[in-house]
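Naming follows writing order (A, B and C), and every chain is counted from residue 1.
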Amino acid sequence: MRKTINIASFFALATSIVLGAYGCKDSGASGSTAGTTGTTGSNSTAGGETAGSGGTTGSGRKDPAKDGSDIGEPIKIGLVASQNGDLKPWGDDCVKGANMAVDEINAAGGINGKKVLLLTEDSNSDPVAGKNAASKLVTDGCVGILGEVASGITQQMANVAFDAGLPIVAVGATRTDISDIGSNFFRVCYTDDFQGPVMAKFAYDYLSLRNVAIMTDNKQPYSVGLSDSFRKAFEGYGGKIVDEQKYQSKETQFSSYISNMKSKSPDGVFLSGYFTEVGPIVSQMRAAGLNMPVLGGDGWDSAQLQTSGGQAIVGGFFCNHYNNEEKRPEVQKFLADWKAKYSGVPGTTMGALGYDAAKLLCDAIKRAMDKGGKKSKDISAALEDTSDFAGVSGKVTLKGMKGNPAKRALVVKVTANGTTFEKAYEPEELAK
Amino acid sequence: MKFWGVRGVSILAGLGFAFGLETMVSAGLPNIYRLVVLAGLFITLAVSLNLINGITGQFSIGHAAFYMVGAYSAGFVSNQFYAQQSLGPQLWLVVMMVFGAFMAGISGFVVGLPSLRLRGDYLAIVTLGFGEILRIVVQNIAPLGGAYGMNVKPFGSPPKAIWIVWTLAMVCIAVCRNLLRTAHGLPFLAVREDEVASSAMGVNVPKTKVTSFVIGSAFAGAAGALFALYDTFISPDTFKMDVSFIILTMVVLGGTGSITGSVLAAVALFAIPEWLRTLQDPVTKVAIQIPGPSLVATMLAVIVAVALVKLIQDRFYGDKGKKLGLYVGAVGAGVAVQFLLAALLKGVPQLAKLSFEAAALRMVIFSATLIILMLLRPQGILAHHEFSWAWVSKLFGRRPSEANA
Amino acid sequence: MLHDTLNLVAGLDFSILPQQLVNGLLLGSVYALIALGYTMVYGVLRLINFAHGEVFMLGSYAALFTSWSLGFSPEALAGQDKPSSWINLVLMLVVSMVVCGLIGMAIEFLAYRPMRNQPRIASLITAIGVSLFIQYAGGLFLPQSPPPAISEQVNPYRNEKVTVTLAPPPQDLVVQAKDARAKADQMDKAYEAAKAKGDPTSLESMRQETQAAKNAASNLETQVASKSTGLTVPYGQLGMLLTTLVLMALLWFIVQKTKTGRAMRAVAHDFDSAALMGVNVGRIITITFVIGSALAGAGAMMYATVLRTPLTPFLGVTPGVKAFVAAVLGGIGNIPGAVLGGILMGIVETLVVWLDGVVPGLSGYKDAVAFVVLIAVLLFRPGGLLGSSKVEKV
């Protein structure tokens, strides 16, 4: 019994120091009751255009069974971002961008007089946590969800949003087949079906590479999908993929993969993974004496490339969504606003994409409300109807695109402390 | 007849509790539905590991592997066959639970075999190794979703799961309790106490060991199956070594061998991080900021103080008053360390302005609590004691014989 | 059956085998340095020190901070070249060893010493707690996003390497490659000149030709490299192997030839008798922790500097587990066994990736193979490769 008292006193000591001294107050009333998660009794099809289960609207995709949440006051929209974990640089920029967009809208009087409330949840760069974060936002009564930057996480969030009937606007998820989940899925970035061929064309035409080796991050659906589309396009142009090495996120030693690759003597290497691993890989590649050009997708986009890749990564090429040096008025305004609010320039393109996604969702909410829409499904319909939305990262048209906008892609070159613009590819250019 | 009467009543009470919980949570507290489900699963996992670790004394630290086997086998079969049959979601849950238990039981049999040859730490390492091997194999099988994971969505939307999860937990507790109380359980305890002696007394040691592995892993597999079907997405990362360690921690912290302890520790260890996660404003999502450096300094200071007190307790056998003085000194040293560290950390300019969300601190608080608790009570919260009505009546000052034990 | 095997063997690229073995050896030497800490602590205390991987992690951060204070932080460098000398490397090594030694001592005093008379499983849980605490508390303080890496410029020998040729490449290929490189350099010069002059009409086609010439040259060079059987070992890696050897020799000397070493062996042999014979057990245990942690610190510094690993607070988990397996593989408590186990682990891991060339998808199993080897060894030699399998006393 004395021991028990001992424990109790120490617990009390610890807790009192922790809680008392630092004024951490318990969250009082938890959980808001505004907005419930759809109604089970509602009709199973949206729009009433088609009947029966698995019905589809004009988009040719499956419709969610539920109508989603009511558009209330304030209008709640949710954002899932990787505020912790490997993708933190993206998540942070994305949160900043989305907050900037919402603040702008609220400063201009909100949507039809109603304020917008942005609820942010952390996905910890992990699909499971992302899924739970999305469910949390659904229970919190959000009418639509923004995010994520990574395809693997977005895939889980989209499933949750589909079950709840909420529209989801992905920020940087480029894997093509995510949009097959349902008619509630949209994105503000291009897909890997575009990005892969862009890099293949760049490698074949611009860099005149013929024998390319691929390194794929087997754990990331994004990387697997991008590698596949690159391979297809590059072989289509007449090039040869001499080798493919598969690693997994969070590995740090790549020397054995590199030795394997070296024996196939490629003249270029395509790295479809995220910046977290690309830096070390290239750095270890150079140390092993491989000096060929390296290229990759938008997963490279982070200042971290230079910290972990050092001198080795300088001169590499990757595909990106926009560039801070562009002269378009949207970009200039965005950069000026960013500087005023956060100082500096966004370190990654996810700032601009997060901003675009939030703006697009709010724009769709406004259009839905103008038409008398009251539910999430009306927002989905409005999103489906988007054409020529002028975003920072380019024009977004979603009408008849199954959620995948056709956008321009830029190829940029890595320099010692940033990137420079190298070449732009328009969607029409690749179509031929 | 009385035997069956009591049984019947307890079974009915158990089922009633499970369904009551289901109705209550789904009606009143939809936000914590998931937490209640997971709490039930962790109770099952902790109690089933306790059967292997605490009751039979086989040091297994790869329990997440069985959890994973159950989850993946149920997930795969549900994805393949659910559409082709006409059982309802609830019945399918039960079928899958049994199936998951069966598959995990088989793997438990395989993992249990080395226990015939290895003991102690070596057995622990082999179980850990088996867990990792299974996980990596799953990671490399494309039909199971590979390294990314597998969607398990046979029902469209997640099923009602609380009642079945908690029924499973109660069955698991009942099986373990009855094993301890009846003659069937004595071999298990004998093997834990002394293998050679029990074998000399006629206990079939290999059979006992393997049986405990099979039963323990079967329950973990059943829990895994329910997890897969309820959570709709499973990934190899969900079943990493850390999960095994957390389950092991639950068992040890609760008191090795004590079922009640496992249950309490499972709920506590599961609840602490989840509670800490909610330490932020629910509507605006503006996190309540705690100055991280000071908090960590405090945590370290408490650990220092506790360690010193512990060392004094071990070393000092003399005068009570002096001992008390030493205690005070130790706590004082802890407080001093706290201020020193906090000042030191504040002194570093990069750290001074750092502050963190409570959610980011949860694992720090969790691990510090774990260390402090283990230092203070190495035998676990309940040691080997069990909850019993006799104990409750003693608590209220009555003699045990009066209670209806 | 035989035919299939032969086909498999034929598909293997033996020209890279020596290089892969060296890769494995490098990785293995890091594992061995960590494994020594596990095995020494287990030897004296019968405790699996799960926090050892975290000590390793802190060691790599100590090296990072040392390199920063020596003027190799990203801000100080700002993309410029800065000369370095070997003294910097030695300094980093020493600092990281000292820091790790102190941390090991603190952990022992605060977390394990109070638990000494308690059941071993309780100490084990405390060890897990300490490991989690360091990981997550470290996550609050240590720079981790983006994961920092020690600047390669701190290594003065980064551009020098030893090349050993076992079977030379065809001579004509070498000549071709040389010619191609010369031609590419020439074209590059011409292109740069044209670009400076600003002649836009032919610039694009010229750029393309230059690029093609460069590609051809680098392709030929890679072919030369891959047609020859040989090794390329940068000086840094060579230095790493040497340092590891020196440290191990030092450890051997301490354990076998000094009085402290004898006391350590006595405690490992029989804790209670050693205490009765007048060995100060507490002091010996502290020394063991300090030495084991310092070795991990040395491994961490080299892992971060030479093997170019970006740092995160979770850096220690994977090498920690592998080193632990290595220690068991060699026979836990056995010092030469830990070295053997560590190197074996490194080599097995690399060879699995090498075999991926004939069995596609095998590289995904590289972490599992280590455990398969472990289980196989334990089932046939329950005491590990070099350990003695004692029957537990009744």
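The criterion applied here is as follows: contacts are C-beta pairs under 8 Å (C-beta built on N, C-alpha and C of every residue); 3 or more make two chains touch, one makes a residue touch a chain.
All figures in this text were calculated on a predicted structure; none of them were measured in a lab.
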### Task
Mind listing the touching groups among the other chains when subunit C isn't counted?
one piece
### Task
Between A-B and B-C, name the chain pair that shares the greater number of C-beta pairs in contact.
B-C
### Task
Would you mind pulling out the distance in Å between where the CA atoms of subunit B average out and where those of subunit C do?
34
## Note on the structure
Contacts with two or more other chains occur in subunit A at residues 218, 248
### Message
If a residue has to touch 2 or more other chains to count, which residues of subunit C qualify?
### Response
361, 364
## Note on the structure
subunit B touches at least 2 other chains through residues 139, 147, 299, 306, 360
### Query
Touching subunit B in the complex: which residues of subunit A?
3, 6-7, 10, 13-14, 17-18, 21-22, 24-27, 29-32, 37, 65, 84, 117, 119-122, 126-128, 131-132, 135, 139-140, 152, 156, 159, 163, 218-221, 248
### Query
subunit B touches which residues of subunit C in the complex?
42, 46, 48, 109-111, 113-119, 121-126, 128-130, 132-133, 135-137, 139-141, 321, 324-325, 328, 332, 361, 364-365, 367-368, 371-372, 374-375, 378-379, 382, 392, 394
### Residues of subunit B defined as touching subunit A within the complex
30-31, 34, 139, 146-149, 151, 153, 156-158, 231-233, 235, 237-238, 278-285, 288, 290-291, 294-295, 298-299, 301-302, 306, 331, 338, 358-360, 365, 369, 372-373, 376-377
### Query
Of all residues in subunit B, which touch subunit C in the complex?
59, 114, 117-122, 124-126, 129-130, 132-133, 136-137, 139-140, 147, 194, 196-197, 241, 245, 248-249, 252-253, 256, 292-293, 296, 299-300, 303-304, 306-307, 310-311, 314, 345, 351, 354, 356, 360-361, 363-364, 366-368, 370-371, 374-375, 378-380
### Message
Quick check on the complex: what are the subunit A residues that touch subunit C?
### Response
88-89, 206-211, 218, 245-248, 250, 252-253, 255-257, 259-260, 262-268, 276, 279-280, 283-284, 287-293, 302-304, 306-308, 310-312, 416-417
